[in-house]
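Take a look at these structures.
Each of the next two complexes has subunit A plus one more chain, namely subunit B in the first and subunit C in the second.
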Partner chain A sequence: MIILLKKEWLEMLRSYRIVWLPLLFILLGISDPLTNYYMEDILATVGNMPDGFSMTMPELAPSDLLIASLGQFQMIGLLVIVAITASMISRERQNGTATLIYVRPVSNFSIYMSKLIAMALLTLVCTIAGFGASMYYTYLLYGGVSTTAFLLLMLFYWLWLLMVIATTITFSALWTTSIAMTVAIVLFPLGILLDSVIGAYWHYSPYKLALYGASWLTTQSDYLWGTCSIVVAWTIFVSLLGIWATGWKRSTTKI
Partner chain B sequence: MIAAHLTKQFGAHIVVNDVSFTLEPHTATALIGPNGAGKTTILSMLTGLLKPTAGTITNNDVQIGFLPQYPQFYPWMTVLEFTEMAARLSGLSTKEARSRAHEALSFVGLEEVLTKKTAALSGGMKQRLGIAQAIVHRPAILLLDEPVSALDPFGRRDMMSLLKKLQQTTTILYSTHILNDAEEMTDQILFLKDGALIEQGTLPSIRARYMDPRFAVTFCEQADAQAFSTQHQVELIEKTVFVPMTSYPTMQHLLSFLSTTYAPIVKIEQHTSSLEEIFMKVMSL
Partner chain C sequence: MDTLNWALIAPLIVIQFVLMIMALIDIKRIHATNGPKWVWILVVIVVNTIGPIVYFIFGRKNV
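== the complex of A and B ==
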């Protein structure tokens, strides 16, 4: 598995994925603290406001800005992650590069896990880079938050991402790239939207893990641990399903 | 390696139908048949990528090297990196993998482009890299799908000489749709048509069965040949008639037979079927 992991790492390096994806998260992370802080100036400069217009800006706490950044990651960041992940196994089968790997004594476990671990590390870097950047400007402009709460916020966000990538890689093992991509995009970026619209009716939803994780910043949510268990259980289940699917679909590699 | 009663069915469509053969150690076997005969499907089953619908494959757990018809490499990897990874995945240690990769790549003549990305390789070089990754772990059995059909005449000659060198240490099975390729390096030929094995044997034995020895007698005038052909019921092509050697086994027999005709004859020669004619004959069975 180390060998395949090395290969995944090399691919991330050579495709510069290891650079631009964290950069995207940094950009998303700094946008909220900066735009909110300078909102008055921005409006004054380009807002084209009528004379005498005045507006009271809400008093924002540091935690509000971190949560706003989280919202950014959940939309654009998540979409990009899902788009990259959905092709990881299926593309290699479709273009035939998998053939030369599959004819060797390589286990389904190694194939699946090398992809999962590689993406887990990449998303960890993204999480740290994104929240780190957000925290940096929030700290400079608004003030700090407790270090423990901040670390826990990142940890729970990463746990959520881990579930997203494990599920998406499993889709990639099960189906072709286009189907896997469609299902994953409907399930995750769109699912979050749906959950935030009608999700008031339930508390235990994987989609809410990131928000509950952010609750460390203010008052701890009662539903955090329950939701966390669901996410972990689901991640383990889809990983097992994915390992099985990797073997089941081996013969579909283009020869 | 022994394949017994291999059958592969996709839905209602039978792609490979009850195919059995044995690959003896250090022999080269050619799998011949027109496109769509099931050659690639048989190779896929032998590599383990496809499960046969019925039948068994016995290979005593020896390592296999496989070259697909169009080998695909990760474009962002270098030639050496890919070959090393292939060796490592086949169970070699890091150190061993490195030295074997160098060895395999110089064997196929790619030692000049070790650090080149595979995306930058020409078709012929890709095929050589394909061979290198297939032999880097020194497999006992080498399976090659159409190893030369995509190459130009020079590439083809290089590839055949590489394969001939490999034949001394390895059991080789390769598919092709060109019989002339098979002629250069074959101990056994398997003829495949519509998924079924219709003929098999060594090249000399197949030749003996299908060469259909005849005397070709060429007349001076087309009319004479025509008349001779209708009179004796023999095949005619332009001014030449073909007299089967079964009826006249030696030249003397033929000459005494020909002495009955006074039409001028310019040439008499023995004629055996070319490989292409044999191929067509076997395929029309």
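== the complex of A and C ==
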């Protein structure tokens, strides 16, 4: 298990994942506070507005900007995370690394969990880097929010990401990279879009966890704990499924 | 625009630059990429932020 984790760590270093993914999140995190702050200047320079055009800018509270950053993470950040997670197990099966692991006495549990733990740590770093950067800029330009609310916001966002990666790794254990990636992209980044369009009709949806987590900043949502338990239950379920799938593929491999 | 605070913008530019340099160094060192190397170099330099990210996800040939 420890050795497998070390191997995952090495792979993250070699693919520079540990560096560029947090950098991307930092970039996404600071883009919203900055563009909103300079919106008037940007419109004046490139907006092509007629003379005398005036526009009242909404007064933004610090929490609005953190939620806007959250939206950025949910679109681009999530897409990137899903894209790199979807190949974690299936690629090893394709290029033969998996066979090398299968002949050694390691449990299916260790194979699956080493991937999950590695990605969980990476996404934790991303969450902290992204929200940290967003908070820093928001604090400089707009003002602060309560520390507990901010920490809880990050915690719940990470919980949501944990569900996303657990599900995606399970898909990766079940299918080939391309199928896993397609299904995961339809399920998560597109699922969020769908949920935000027609999601007003239901309250308990895993997609809303991050948003409910953000509600600590303003008023606490009534649906937070219900949604949270759905997410945790689903994460445990897909992890078990993933461990089973790893074993199933292992038993069908010819050595 | 005179009031533009460069201390605020600088990190944005630095991060984009770091991503670009990292991608370029990796293209130089890696054995082969998916598709011709010069196309990736062009993509990484011309398309800022998204270029290096797309390279890191799809351009690297994982052996």
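Please note the rule applied: the second predicted complex is superposed on the first by the 250 of 255 C-alpha atoms of A that agree within 3 Å, B and C clash if a C-alpha of one lies under 4 Å from a C-alpha of the other, contacts with A are read in each partner's own complex, and residues count from 1 in each chain.
One rule holds in what follows: a contact is a pair of C-beta atoms (placed from the backbone, for glycine too) under 8 Å apart; a residue touches a chain by one contact, two chains touch by 3 or more.
As the structure is a prediction and not an experimental result, all values here were calculated from the model.
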| item | value |
| --- | --- |
| Partner chain in contact with A:Met113 - subunit B first, subunit C second, else both or neither | neither |
| Subunit B versus subunit C as contact partner of A:Val103, first or second or both or neither | first |
| Contacts of A:Leu66 with subunit B and subunit C, given as first, second, both or neither | neither |
| Which superposed partner A:Val80 touches (first subunit B, second subunit C, both, neither) | second |
| Which superposed partner A:Ser15 touches (first subunit B, second subunit C, both, neither) | both |
| Which of subunit B and subunit C A:Asn95 touches, first, second, both or neither | both |
| Touched partner set for A:Cys126, first subunit B, second subunit C, both or neither | neither |
| Partner chain in contact with A:Ile26 - subunit B first, subunit C second, else both or neither | second |
| Interface residues of subunit A shared between complexes with subunit B and subunit C | 15, 95 |
| Parts of subunit B lying in touch with subunit A, wherever the complex brings them together | 40, 43-44, 47-51, 64, 66, 68-74, 76-77, 81, 85-86, 88-91, 133, 145 |
| Complex interface listing, subunit A residues touching subunit C | 15-17, 19-20, 23-24, 26-27, 30-31, 34, 38, 41, 44-45, 80, 83-84, 87, 91, 95, 137, 140-141 |
| Of subunit C, residues touching subunit A in the complex | 1, 3-4, 8-9, 11-12, 15-16, 18-19, 22, 26, 49, 52-53, 56-57, 60, 62-63 |
| Residue numbers on subunit A that touch subunit B, as the complex places them | 3-4, 6-7, 10-11, 14-15, 95-97, 99-106, 250-251, 253-255 |
